[in-house]
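Heads up, the next two complexes both have subunit A, just with different partners, subunit B and then subunit C.
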Partner chain A sequence: MNRSELFIQIIALATLIIACVFVWVVTTEVFDVDSEILSAPMDMDSESDLIGRLYRMIPFLCVALLLSIAFAFYIEEWLSDTTWYYRVINQQISILANIPSVIYAILVVLIFLFQVKLFADFTFVLGIVFLVVPVTIQTTQNAIQGVELSVREAAYALGADRLQVIADHVFPRAFSKIIGGIFTALSRVLAIAALLVIVCEIRTSIIQNVSSFEISSNVFVLISLALLSCILSSILQKNSNS
Partner chain B sequence: MMKVNKVPTLQINNLNVWYGKNHILKDLTFDILPKQVTAFIGPSNSGKTALVRSFNRLNDFTSSFKLTGEIIFNGKDIYSPKTKASDIAKQIGMVFDHPILFRKSIYDNVAYSARLRGIRPSVEQYSLVEESLKKAQLWSEVCDDLKSSPDVLSNGQKQRLCVARALAANPEVLIFDEPCDQLDATETPKLEAIVQTLKRHYTIIFVTNKRRQAARVSDVAGFLYCGELVEFGQTEQIFTNPEDKRTEDYVTGRLG
Partner chain C sequence: METNNHSIETKNLSLWYGDFQALMDVSVNIPEGKITALIGPSGCGKTTLLRCFNRVNERYGNVTTEGEIKILGKNIYDPDVSLLELRKSVGMVFQRPNPLPISVYENILFGLRIHSPFGRLTRSQSDEIVEEALTSVFLWEDLKDKLKTRATSLQLEQQQKLCIARLLPLKPQIILMDEPCSALDAKGTLAVEELMGILAGKYTFLIVTHNMAQARRVSTECIYMFLGELIEHRETQALFETPEHPKTADYVQMRYG
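Let's look at the complex of A and B:
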């Protein structure tokens, strides 16, 4: 690793830490004042409330997925890969994408358990952003990079402009890998959702002082969906290789 | 004998090209005249490909590429900020060293160029595809299965399909960048024959590292060595009576 590479990594890490601190400060300071808009007090006893909250995250999830795919196309196709900001962004994405999802899960669960009222929906949105966005961007980037340069050049040589090359050649060739990446991200989210439901149940049973508790069918549904999307993603990413 | 009365299609003035810190092309100045085959010969890494890729602005997508000097195409500077790279590429077609086909049927591969030109009506498109495939001498071999995938074709057929696709874009100049590199002995003469017929209507730039092929197909030849244009002139003179010692060494096989 040369010196400039190290420098880029340090910048990426430093900016990420600053961003995290900033988010923390904003969420604790700002929403303290005006917390009622973002979060009604959470009724922790009802599991259906949690499930409802999770369902409400679906539109956020879709938007996050679409935006991260668009962003991946932007940085791969429009930013030159020798510029320093491309390298910094790339480094940040790979740092975020390589953090195991368990760490995000622990954070979400901690906030959940301590019942910081000012979070709630906002916590979930943040959790989704951190779980989904970096992974999707990274897999989409890999998919775009996997399209052979020669195909692009052949299209450019015929007089196609950048958007036509992307729409006619890069996107169709990368498509199955991009969908595979979406499924990878989904499986992460679903697994965390299952974990949250379990935590919620355990907590309820502790409060009610019940010695044994049953895991609800929701958890099994979520876990099996997570496994299914995992399998789908591996199939899709394999298929496109051959 | 130089035909001086023709207006050159491409005028190259003091062209310098860098890839990063590598000075690939050093101060080239020459003219390419219309309706003839101009060949560039030279050992590998002499800058032949970098030169022809500057003509259709394919180098733009190499991030460390830098160019000084000018390339005038029909009176307009290719690299002026007003010129769009895609417009240049439409007028200067290219066939690569190996056949690059899209994941479409044989028909759609050729029709793609037509679509980029804005020709959408199917009758017009079909006649253009037919005409292009005939010019590339492939029509009789594929006319029955235009809708099938080009994977079934032989390498030589694929390369001729690439020629047809480039022709369907209706270029004025056609660049062949070592087109026979992966072709066998039966396919190479076919492609050379196509080049000979195409030169009646198109200006052809032919890059090759096979000396004899350049002697066979070209009217004018340029010898590139380490980024310098050592000699540029009539093919006959380059091969029989070269002025430069390095050219003589190359064409006789002592160099490269």
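Let's look at the complex of A and C:
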């Protein structure tokens, strides 16, 4: 990779972060979430506060998933794979998708523990974006690439245009793999959410100086949901060819 | 020969994939209603030339084309040419049978559905179209009870015939075939060749083949290409028996390579 391409990579990363801010603002507006609550300092001792904040991320999560699927279709179907920006985008996505989710978790927990209160929710938003978007884009890309060339050629040669080929053939053929990718991303998010809840509980028990420490049912629910989505994702990605 | 007897005319057609020139100054006239075979060693640009004629080449980025291709008297690189209409009149059959992974019935109607998107076909009309298309490729007897099965589960020979059949409802004038028999066994090859012979009067066939016996059996005219250049274009029998160009002679008498 030459220097100018590295520069472009850095700019791309910066743009991604700005895009996160934008999407966050838009989603909070659209779903009419009180933005004052969102940016309000967090009550660090309260687990219910944390859970509430996590719930409020759900609409954001859905939008992030839809946008990443749309983006994956855009790069696979509209960008030519010989261009430099295709390479840059792909490189960025695979870097981000291959970072173990625990690293994002540590970052989120650190900000959470250091009580950067003002941006508590924004931390979650960034966490979701980095946990969900690259993985979803990558799995969707793989799903699209998995659609046989012969199917596309046949449809194009019969005169179908790009949208018809995508809607009639690529999307239905890739559908179960795309859903599988969504579940992969969900399991990452749920596991990290469970971790956050545990950290919150440990913190509370330290502050209150309780000698016995009990893990709440929330954690178990989150972990079992994470496992469930893992299983679903592998089933869906395996079964896609039948 | 008069010009209006040519389905396809190219003039000084050159094509590059990036820096690599795949076609050099190809000028050729393909006669209407006959079978023309394209022969030549691998990588000589046969398939590239074939793919130019319905512009499927353009889907791979980095392709530059120069020169003129006239199909049925119209330059296909004119800005007002719609790819949809072009691909309707120029059908293509691929090397490996590639029926769409949907039912036999839907495969045949797929082309029509694209070209008339608002579902103006009634049930009886579409039944009729399917029967007609399958009958003309002699598949109706075999498949009339299997119209709902997935096309990809048929035998290869039936799949390839189906690929031809699904072009027919669009009423193409030209059918391009890229080694249509290379994935088939001897029986399948024979069946597809017979089919081409029967359909030849109605449609113009352009077939790429590595099998010289096949070129000799099915085609009326034959084109020999070598490294992106058109070396010789004559009637098949003449080309095989008295080749004018030494390179053609080497190839058709199997001295090539």
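Note that the second predicted complex is superposed on the first by the 202 of 242 C-alpha atoms of A that agree within 3 Å, B and C clash if a C-alpha of one lies under 4 Å from a C-alpha of the other, contacts with A are read in each partner's own complex, and residues count from 1 in each chain.
The rule we apply is simple: contacts are C-beta pairs under 8 Å (C-beta built on N, C-alpha and C of every residue); 3 or more make two chains touch, one makes a residue touch a chain.
Model, not experiment: these values are computed from the prediction.
With the C-alpha superposition on subunit A as described, subunit C and subunit B clash in the combined arrangement.
Applying the stated contact rule after C-alpha superposition, one finds that A:S211 touches neither subunit B nor subunit C. With both structures placed on the common chain, the touch criterion links A:Q164 to subunit B and to subunit C.
Contacts of A:V151 after superposition: both subunit B and subunit C are touched. When both complexes are aligned on chain A by C-alpha atoms, subunit A residues 80-82, 150-151, 153-161, 164, 168-169, 173 touch subunit B in the first and subunit C in the second.
Listed in rising order, the residues of subunit A touching subunit C in the complex are 80-83, 148, 150-151, 153-161, 164, 168-169, 173.
Across the complex, subunit A is touched by residues 56, 58, 61, 63-64, 84-87, 89-91, 93-94, 96, 98, 100-103, 112-113, 116-117, 162, 165-166, 169 of subunit B.
Residues 80-82, 150-161, 164, 168-169, 172-173 of subunit A touch subunit B in their complex.
Those residues of subunit C lying in contact with subunit A across their complex are 18, 54, 56, 59, 61-62, 83-88, 91-92, 94, 96, 98-101, 110-111, 114-115, 163, 166-167, 170.
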